[in-house]
Amino acid sequence: MTLLDLQDLQKSYGALAVTQNFSMSVEQGDLVGILGPNGAGKTTLFNQITGTVKPDHGEVWFDGEMVTQMDASKRCQMGIARSFQVPHPFVGMTVYENILVGATFGRSSFDPRKQALEIMDKTGMDDKANQLAGSLTLLDRKRLEMARALAADPKLLLLDEIAGGLTDSECVSLLNTIREVHETGVTIIWIEHVVHALMSVAKRLVVVDFGRKVTEGDPETVMNSPEVKSIYMGEDAA
Amino acid sequence: QSSKFTIGFVNPATGPLAGFGESDQYIMDAAKAAMAGIENNGSPVEIEIIYKDTQSNSNRAAEVAVELIERDGANLIVASGAPDTANPVADQCELNEIPCVTTVAPWQPYFFGRNGNPAEGFEFSYHFFWGLEDVIANFLNLWDDSGVSSKNVGGLFPNDADGNAWGDPELGLPKPLAARGYNVIDPGRYQVMNNDFSSQIAAFKEAGCEIVTGNQIPPDFATFWSQAAQQNFNPKVVTIGKALLFPSVIESLGERGDGLTTEIWWTPSHPFASSLTGETAKQLADGYTAASGRPWTQPIGFVHALFEIAADVAKRSEALDDPYANTAALAATNLDTIVGNIAWNGGAKNPVKNVVRTPLVAGQWQLDSGAPELVVTNNAEAPNIPVGGEMKLIG
Amino acid sequence: MQHATITRSTQASRIAGILALCFLVYIGAAPWWAGSADLRLITEILFYLALASMWNLLAGYAGLISVGQHAYVGLGGYLMFSCVLFLGMNPLWSIPVAGVAGALISIPVAWLVFRLKGPYFAIGTWVVAEVFRLSAAQMSSVGGGSGLSIPVAVMRDLGRKPDREMLIYFTAFALCVGAILLVYFLLRSRVGLALTAIRDNEVASSSLGVKIGRIKLFVYVAAAAVTTMIGALIFVTKLRISPDAAFSVNDWTVFVIFIVVIGGIGTIEGPIIGTLLFFLLREFLADLGAIYLMILGAMAIGIMLAAPKGLWGLLVSRYDFSIFPVGYRVRR
Amino acid sequence: MSESILEVQNLEVFYGNAQAIHGISLTIEQGELLSLIGSNGAGKSTLFKSICGMVRPRSGTINFKGQTTAGLSPARITEMGIAMVPEGRRLFRSLSVEENLILGGYVRRPGPWTLQKVYDVFPILKERKDYPATSLSGGQQQMVAIGRALMSNPELLLLDELSLGLAPVVIKDIYELLPKILGEGMATILVEQDVTRAMQVSDHFVCMLEGRISLSGQSDAFSHDEISAAYFGT
Amino acid sequence: MEWINVIVQGVLIGGLYALFAAGLSLIFGVMRLVNIAHGDFIVGAAYLAMVTITMTGLHPLLSLVIVVPLMAAIGYAIQLGLLNRVLGDDILPPLIVTFGLSIILQNVLLTTFSADSQKLNAGALEIGSIPVLPGVDIGYMPLLTFVAAVAIIAGLQFLFYRTSMGRAFRATSDDGEIAQIMGLDNRKVFAWAMALSMAVVAVAGVFLAIRANFDPFMGPSRLIFGFEAVIIGGLGNLWGTLIGGIILGVAQGIGAQIDPGWQLLAGHIAFLVILAVKPRGLFPRID
């Protein structure tokens, strides 16, 4: 069953077209990786899926409903949650309270406090529960991004560069968390520059450049395509 | 043994109404000195005057009145400075059962603005000043003197306590003026601190008005007056209440201040003397000018009279610490003050209970000597006040 | 792992809470220990505290910097006068009526001013208050620009002087305590969680399901309702209303803003500290007239330069402490 | 006495409580092109901002031409001869292309770069000189950003994410122009996501990881794998 | 004819409002500062002119030669010494500081000059007029005010879009951080903007003082018209500010023609209606 369907999205900022004729669909239970050069329009694509940016043209369908003009908060309650590339923690709140916001206002949750505790444990943030989010290190901010999104109990989880800056072992534990979440039936779309991490979990890769979809397919094929090698890896196609 | 009598004095010392309180300190000091030897039933009375500034804010006027009553234990409250000061102070006194004397507000906005019922009057609040009937009579006298041909009179009334009372079609100027053949062109109430009188000027021009009247605050009049010139509206007689009270205002108008006419409540030539100091009106005014270096203003006499009445109550009250006794003494006042006789005994000068009318004349600001001089030109309403000159037309 | 528990208060805050409660009871009993003058002063302090708490709720928590809250104070006053004069109601009973009416009126106002952001919002609310003031001045049935007094008889019906004062005092006390508790419980509820999140980051909160528009509207309407009720009661004690006094930007907005920023914006305790300080200054300096106002202005500037989070903020940054804890602590 | 134009020693930078740079030291010689690589959030931009005076280091020293920049305003540092092409271009959107360039020359340092010279290098900008800067394509905007930095005739040029968001062909052009742009004597630090490319043009490189230097040296002295290990911290 | 007169006089008043607004618009645009004390500065400038005239005997319009640079210097100093320290993302601190300045200034003026209202006397200039149509006269002063407003706005427009200082203003307003590494000192740029704004304030103050009486407390009531004009015109658009002023003036004139009580109300309602339809003003330039 198709969970997310993007149809011919277009978005420009003035003369700068950041999304162009973009169509893509994601099946329930999928784990899709998105990669592409900086400024390719990946984050903007997420913004259009979550509703913080409205496309100039095209439609966003989620769970069988057209959500193109819906508010971000409404979409979250339908089951779309995200992490931000630049972490946006609520700096005046503790880690627990940050997660509680997701648990309280996200998709139905009947005991937000308990759910927030569970998520905190699951993402390994329990020892920092009472710390102010403003004082977290980058790494923890990124973890918090994901924890908060998970607390909203999403059907579709959008992750924007959460592995950047992680050491290898941290990366492994992150990958485990992502796998666990995925196994509970959550569909995931993950933007990542840390290619090896992405490769190890993604079922499918989509490559974006200049706001267009360049290629898509299974990770091996995509990564070996000369196009990707040249535009993304900076390697000679030869 | 000596007893104590505390007089609370509420007036605007700061803010847009500060002109009314300009001489307060001088008068208060002089009055305090003069009250030194007062006796009540043979024993000396220690008089204290506590002054509170309203900052020209009627909220604050009510607040400080309460403070005087509750905190400072005032036995009598006196206040002046337009209905914005007098009314809230009187209201608080009435409710908190402390006697109160107010002035410098025409009696209609004072009395009807406080829901006064002419049959009942008030219990604790007393007032002395002139009323609209006086102003109307004086204005009509002035205009009859002027000999202008057009009977259309432009009316400038702001949307404030004074303006609404003056412009009221029933109780204000229009009806009595109509009775004498004058027709008031009244475009409606404007908001104070107006900066555009074009629509009024257009209406007055249209009707061919040669007389303009009304009640304005000084800034509004100044704006009107220069716009009138700009838009080629040149009335021959301009008779405005309130705005033309203070010499500083006239000075600021320069040449254009010459010939403006207004009601006159008090001048140094009023033939009255203080019951407290024995000074004549002229002596009082000169004393102020000497002490402050500023020209005399009309409120001087009235503020002084407040203290004359207070001293009189302190002398006559049967029990200085009993508000009812003090009120009874106040009610029984019959005193010749520097603004004339004050008595709330139901005589001819009491239009309603609790109000005494003081004499009013009319006159003109004349610039003959360079500095503006307020000259009484018509005393038909109070012949005991001498006339100082002839009225002339503007322009 | 599941033996973690959530607490919302600390030992210190519980002790402080008990002390605060004792103080509250003491203040509540003021009619029995305070003279008539002090009682009035405390009543006025309660008014300002309630107004400051409401402005703090708007600006400090919901980010709605309004310079037009005097619109609702004046509205309350006029509603009370209308109830008394036209419906013959008891002035105190007209207060809840004013509250409901204020809430209803604030909804279309919110629709208009919420279209504006930041400084535009601030100016927009000020203009709305001007419109209220000028409209009141056009209504001759409530005195127009001249203003109007409550018939003394109506006040006398409330009882003899001491009884009447006690009645007004308790109403003010109830309103003020109610206002603070409203803020406190609102902040402890999910609304508070949402408000803090919105204050920190609007985009992230809306992506987590927080309905920003609805929450802000709710807070605006609640603040308007309470402010209107306080306005109604204020003018019961003033006895007299006029457009300039009722919609005075200095009395009901500027001073209130000063109170909140001096005490500490965005905390429940801030307005309390601010109000006490404001009245302390006023008691000692008000007779200086113009100088007093200059000192007040200079203080506001000084606080902004030295401690933008206000006096309470300064204290909290030294000692992490709160009398009204609204956060969550995880213990295991 | 070396010709080093910039010396950074034991630099520590914090954003609030979060430390972004943990004790970095590096030097760059006159005329040298140093490439600074490192993954997202490694602290490269933060290092640049510290050099320009936009963020204040908590400790450590930065000496430019033998003189400390501590306590100097960014404006003053620019006057001394440091210019930056910031990450994300950050052109002034209410200024036209030409105005952006003119503003770059605000400090009026003498030197070879003039409006005319910039137009010679990037002829397309002359055609578009009166357009709002942000209406240009990404690559053209990057040219404006570079031109704007050159206009101050800097002795040290900081290029942050030079090829960010640019089409490969534009990148190729810019890299071909780079030697011409840098000319003789201008020291340059280049931050680039495209590691291979950066290595090709630079003399030395420094690789940063989580605010520390994880590898540095001669650009041609290390294998792709060694560099990628330092890059990802594997 | 009546209505023509209403429109003509309304447009002329709009010139005065635009003068109030031009300085506000400038600093609003450059540094997002909401200057609550702007109205009081206008009144302060009027007093400064009054003192200058008493001391030198200059004609009010000539007093500008002294008042303009003096006010500009004051603005420069206030910005550098005070306002720069509270500028930031949060609009509240500068708002409070200017609120504080407003109260201080009002009371300093009160204690120095008393509450008496004052006026500058410009002699014949003040009362003369040009008859344009029967029943429609254009006073010299309102015309001069309008012309001054147009000239000042044209001047600011030129300065903003054609000069190096204007580039510095725009660049700093676009991206203050990057402007710094171009060698611009933000604090000085802001100080110059404030100085310029205060120079305009000086002109507005003198024209206001010739037109009508002023007292220490009239600032806020003038300020609100200025803000309305700025917002109606759209942020950062100087000509928009003039149009905003004219819309206000004409709306007030039409309101007054219906009933003088509606004069101010009509202006405010026009403002609110425009905002309901276009929340960012009629001609926004900056968002």
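All chains are identified by letter, namely A, B, C, D and E, in their written order; residue positions are counted from 1 within each chain.
As a convention for this text, a residue touches a chain if its C-beta (ideal position, glycine included) is under 8 Å from a C-beta of that chain, and two chains touch if they have at least 3 such contacts.
Bear in mind that the values here come from a model prediction, so they are computed numbers and not experimental data.
Of all chains in the assembly, those touching chain C and also chain D are A, E. With steps allowed only between chains in touch, the distance from chain B over to chain D comes to 2. Of all the chains, the one whose CA centre sits at the greatest distance from that of chain E is A.
Centroid to centroid, with C-alpha atoms defining each point, chain C and chain E lie 33 Å apart. Measuring from the averaged C-alpha position of chain D to that of chain E gives a distance of 43 Å. For the pair chain B and chain E, the distance between mean C-alpha positions equals 37 Å. Residue positions of chain C with contacts to 2 or more other chains are 134, 137-138, 290.
Of all residues in chain B, those that touch two or more other chains are 14, 159, 189, 191. Annotation for chain E: residues touching 2 or more other chains are 107, 110, 261, 264. Contact between chains, per the stated criterion, is found for A-C, A-D, B-C, B-E, C-E, D-E.
Chain E contributes residues 28, 32, 34, 82, 85-86, 90-93, 95-97, 99-104, 106-108, 110-111, 220, 224, 227-228, 231, 261-262, 264-265, 268-269, 271-272, 275-276, 279-280 to its touches with chain C in the complex.
If you check the complex, the residues on chain B that touch chain E are 14-19, 22, 56, 159, 187-191, 193-196, 198-200, 202, 205-206, 218-219, 222-223, 226-227, 229-232, 246, 248-249, 252-254, 256. For chain C in complex with chain A, the residues that touch the partner chain are 1-2, 4, 6, 190, 193-194, 196-197, 199-201, 203-212, 327-330.
Those residues of chain A that touch chain C in the shared complex are 50-52, 71-74, 76-77, 81-82, 84, 88-94, 96-97, 100-102, 104-107, 113, 117, 120-121, 126, 129-130, 148-149, 151-152. Per the touch definition, chain B reaches chain C in the complex via residues 13-14, 52-53, 55, 57-60, 62-63, 66-67, 70-71, 83-84, 87-88, 91-92, 94-97, 109, 113-115, 122, 158-161, 163-165, 189, 191-192.
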